[in-house]
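Attaching a single structure in structure tokens format; questions to follow.
Note that the chains are named A, B and C in the order they appear, and that numbering of residues resets to 1 at the start of each chain.
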Amino acid sequence: MMTRQAMFDWAIGAAVIVAMAIFGLYNESGPVRDGIIRFCAIGLYAMSLNVLVGYTGMLSFGHAMFFSLGAYAFCLLLQTGVVGIPSAFVLTVVIAALLSTLVGLVCVRLTRLFFAFITLAIGMLFYSTIVAWASLTGGEQGLTGGIPKDPFFGIDLGDPFHYLMVNVLLFVVSILILRRILSSPFGAALRMVRDNPNRCIFLGINIFRVRLTAFIIAGVYASLGGVLMALYVSGAYPNFAYWTMSGDGLFMIMLGGVNVFLGPAVGAGILLALETVTKTYTSHHGFVLGVVILVTAMGLKRGLLEYVLEKLGAIRGGQGGALDGKASMPAHAVEVGHEATESVSLARTGREQE
Amino acid sequence: MNGVMSIRGLSKKFGNLQVIHDVNLDFTRGALSAVIGPNGAGKTTLFNLMTGQIRPTAGSIKLDGVEITGMDPSGIVRQGVARAFQVASLFPSFTVAEAMVAAVMSHRNTLLNLWGDFPDQEALDRAREILRDIGASGIERQQCSALSHGDKKILDIALALAMEPEVLLLDEPTSGMGREESRLMIDRIHHLWEEKQLTLIFIEHDMEIVFGIAQYVYVLRYGSLLASGTPEEIKHDPKVIEAYLGGEE
Amino acid sequence: MDPIALWDCMSSPSCVVTQGAAGLISGFTLFLVAAGLTLIFGVLNFVNFVHGAFYMFGAYFAYTAYGLTGSYLLAVLTGAIGVGILGALFEIGFVKRLYEADHLLQILVCYAFILIFDDVVSWIWGVEFLAMGMPDAFRMPPLFIFGGVVPPFYIVLIATAAAIAILMALVLRYTRYGKIIRALASNADMISALGINTRLIYISVFALGTLLAGTAGALAAPVRSLSSGMGFTILIESFIVTVIGGMGSVAGALVSALLIGLVRSFGSVGFPLFAEGLIFILMIAVLILRPQGLFGRSIREA
């Protein structure tokens, strides 16, 4: 029995897929199409990072590591010629899960600032390894040589429509699953650990396990983004792992809204759009981006999606966000028109009781 | 004594500072007991030791004969000891109901479920029951961060109750409250204790309150147990009279 | 990877001296930057993520000043003071609003400024790599110590940096200002209750921290190539230094900066592509084994 929220989510997801399908039928190429594909990759990456930052209160500065792992692992597996795309995909996810478990075991014990430092260090260690191990990864040049895209299950990635839909489907389904996970009791546990870890201990919650699980979920989702990126550029490059990629992830989250489920995705879209627009008109892309972030961070003090939703009354305002130094609840739905005065999820449960 | 919690030779040193010194006491099962003493006597430290938040330098703590010394806090919670804090420790981004549901689900080991519903209907029912028991149904839909001071303390206790404890430790439940509010809180606590037949131990400064409802009183001073017994015994204990100069603080 | 080359070097005095000297100058430069960072964090409890940009500005200011005056001394002074002023302005304009903010916000605002500053630099000075070149005063033949090559300039740089380090230690320990700063690190409320103008202190500490970074940039300019990305690397490295040495400890910054300089220098002999990696491994090890750093004490104990 699905909750109203879940049904709504899947409906939106289906609508998006249909819309993209229609778009895809009439657009075989072009900047918008490319933008959508890049958005799917980067959007997944941003959403994955927010599992850590927004939901669990863990500021990771090395998340690019899992994104690049997804890209490199996927490419390398395919280049062996031994596995097809579906198997390479599954294996990449497994590898990502393993690596994030290992890294998580080391990092998760540390508290906020030190967690940021150690994730930065491990992330950059990963980068250094990629660059140094040129025989495996192509070093500074990246993994070139293309990747074989043999058809599988009747899907041919050489066909523009198929390719677009694979990206869209992967994105939408992954996001819906993530939504489910974050709305589950586990999602509540994440937020409790974020809000007050000490009290959690006294409520019998195993903080380490909660954080480690969040870390693994985030790592796996980031690797999914990496896979899509690898498909897009037919390779993998060291800058996927550089700490600025981790920093960009934080930017995206902040631009869209750390306290709203889809905030990071919106932020990813904003960042991509900004990059494209500024690169066409000026070479001072860094300056523009910096100013935009300043205005959002210090002016609005919350991400764009958060701001819009507050104005529309769909989420409670004045909670402060992670940016105000206070914790606030991520809205459980990107739903417009709900009463802002009551707890959204509780209101729904109350209604179902009647 | 029909002890439920036995403490023997308990000591705690922070660096060179001896905060708890060779304390021996038994808390009676099912009793409403008070731990009193001047500021700095070590009352909260005692609670911290009993709940595993800090480890003793020496000594042992037993619950129902089971050694819980040095156990970590979540382990002790699972053994049936829950506590509320002097400064209410809550979850700002949750509503009261949500926080309670999460606590109940944690107790039932259904919280780390990646696919289920939150709030879970059964857990919600139980959460509401607890809030009803403690007389706090009205604040159900409020945000934790928006609660009044008194309500925060009440929720703090409710969260502890969600652990279905055998032993409930309350650290200064009436701190920061005026006369009337304190009286109401004490009534709530007394009622709760009677209904649930818990072992309830609370730290308190107000002597009137203590002598009003406590069955047993334990007096701490400079980290040592000065005296213990019924309120009547304590009132007439020469050591206590001398320490307090016969008056309230 | 060539561990044999490293072993060979370690057993040859000339190699040890050459690599050691190179390691020391990058170590001392790094120390100055990291000292500024750790000062700002220890006293103001602010993670100054823009710190690398001040190092960069120090180098660029020095470059321009040297081009105009031909004097290395003036170049260094321009770099130091120019950056100090910039730092003060930055504190007044932005940092003061961020003290109470969440770490995420602090990092994001700083990162935004990195982007802005880097772009400003390439706007004003262009995108090509610039080289200041060895100042005429130091165009001497190199010294040969145990057969190793040591340009005299290296000695000057090391001596200057060491002098600054000693000066810092003295100021922190013995002057009134130093005592105020150390007290501020432990108890800010008390200090303002004593009637001391905390705003002025905050601004000066921040400016001092950035001035150290700018000085480092200016001092090292002759032996570095200038680019708008030069702030990044030194930023990461100075964070590593503060983590290993202990946030808030100047002595820790010195020890770990020199350690890192030497590890990089000798590491690049044996593991040319992975020298960076070695340093990160070191940081990770410290974070796991002793998160508060080797000298994990706060600035109040200087």
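Note that a contact is a pair of C-beta atoms (placed from the backbone, for glycine too) under 8 Å apart; a residue touches a chain by one contact, two chains touch by 3 or more.
This structure is a prediction, so every number in the text was calculated from the model and none was measured.
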item: Most distant chain from subunit C by Cα centroid; value: B
item: Most central chain, Cα average position; value: A
item: Separation of subunit B from subunit C, taking each centre as the mean of its C-alpha atoms, in whole Å; value: 51
item: Where subunit A and subunit B are represented by their mean Cα positions, the distance between them in whole Å; value: 42
item: Distance between the centres, which are taken as Cα means, of subunit C and subunit A, whole angstrom; value: 34
item: Touching residues on subunit C, where the partner in the complex is subunit A; value: 47, 94, 97, 100-105, 107-109, 111-116, 118-120, 123, 232, 236, 239-240, 243, 271, 273-274, 276-277, 280-281, 283-284, 287-288, 291
item: Residues on subunit A engaged by subunit B in the complex (per definition of touch); value: 3, 180-181, 183-189, 191-192, 194-196, 198-199, 201-206, 209-210, 213, 316, 319, 326-329, 342-343, 345-346, 349
item: Complex interface listing, subunit B residues touching subunit A; value: 51, 72-74, 77-78, 82-83, 85, 89-95, 97-99, 101-103, 105-107, 110-121, 124, 141, 143, 145, 159-160, 162-163
item: List of subunit A residues in touch with subunit C within their complex; value: 53, 59, 106, 110, 112-114, 116-118, 120-122, 124-125, 128-129, 131-132, 134, 139, 243-244, 247, 250-251, 254, 258, 284-287, 289-291, 293-294, 297-298, 322-325
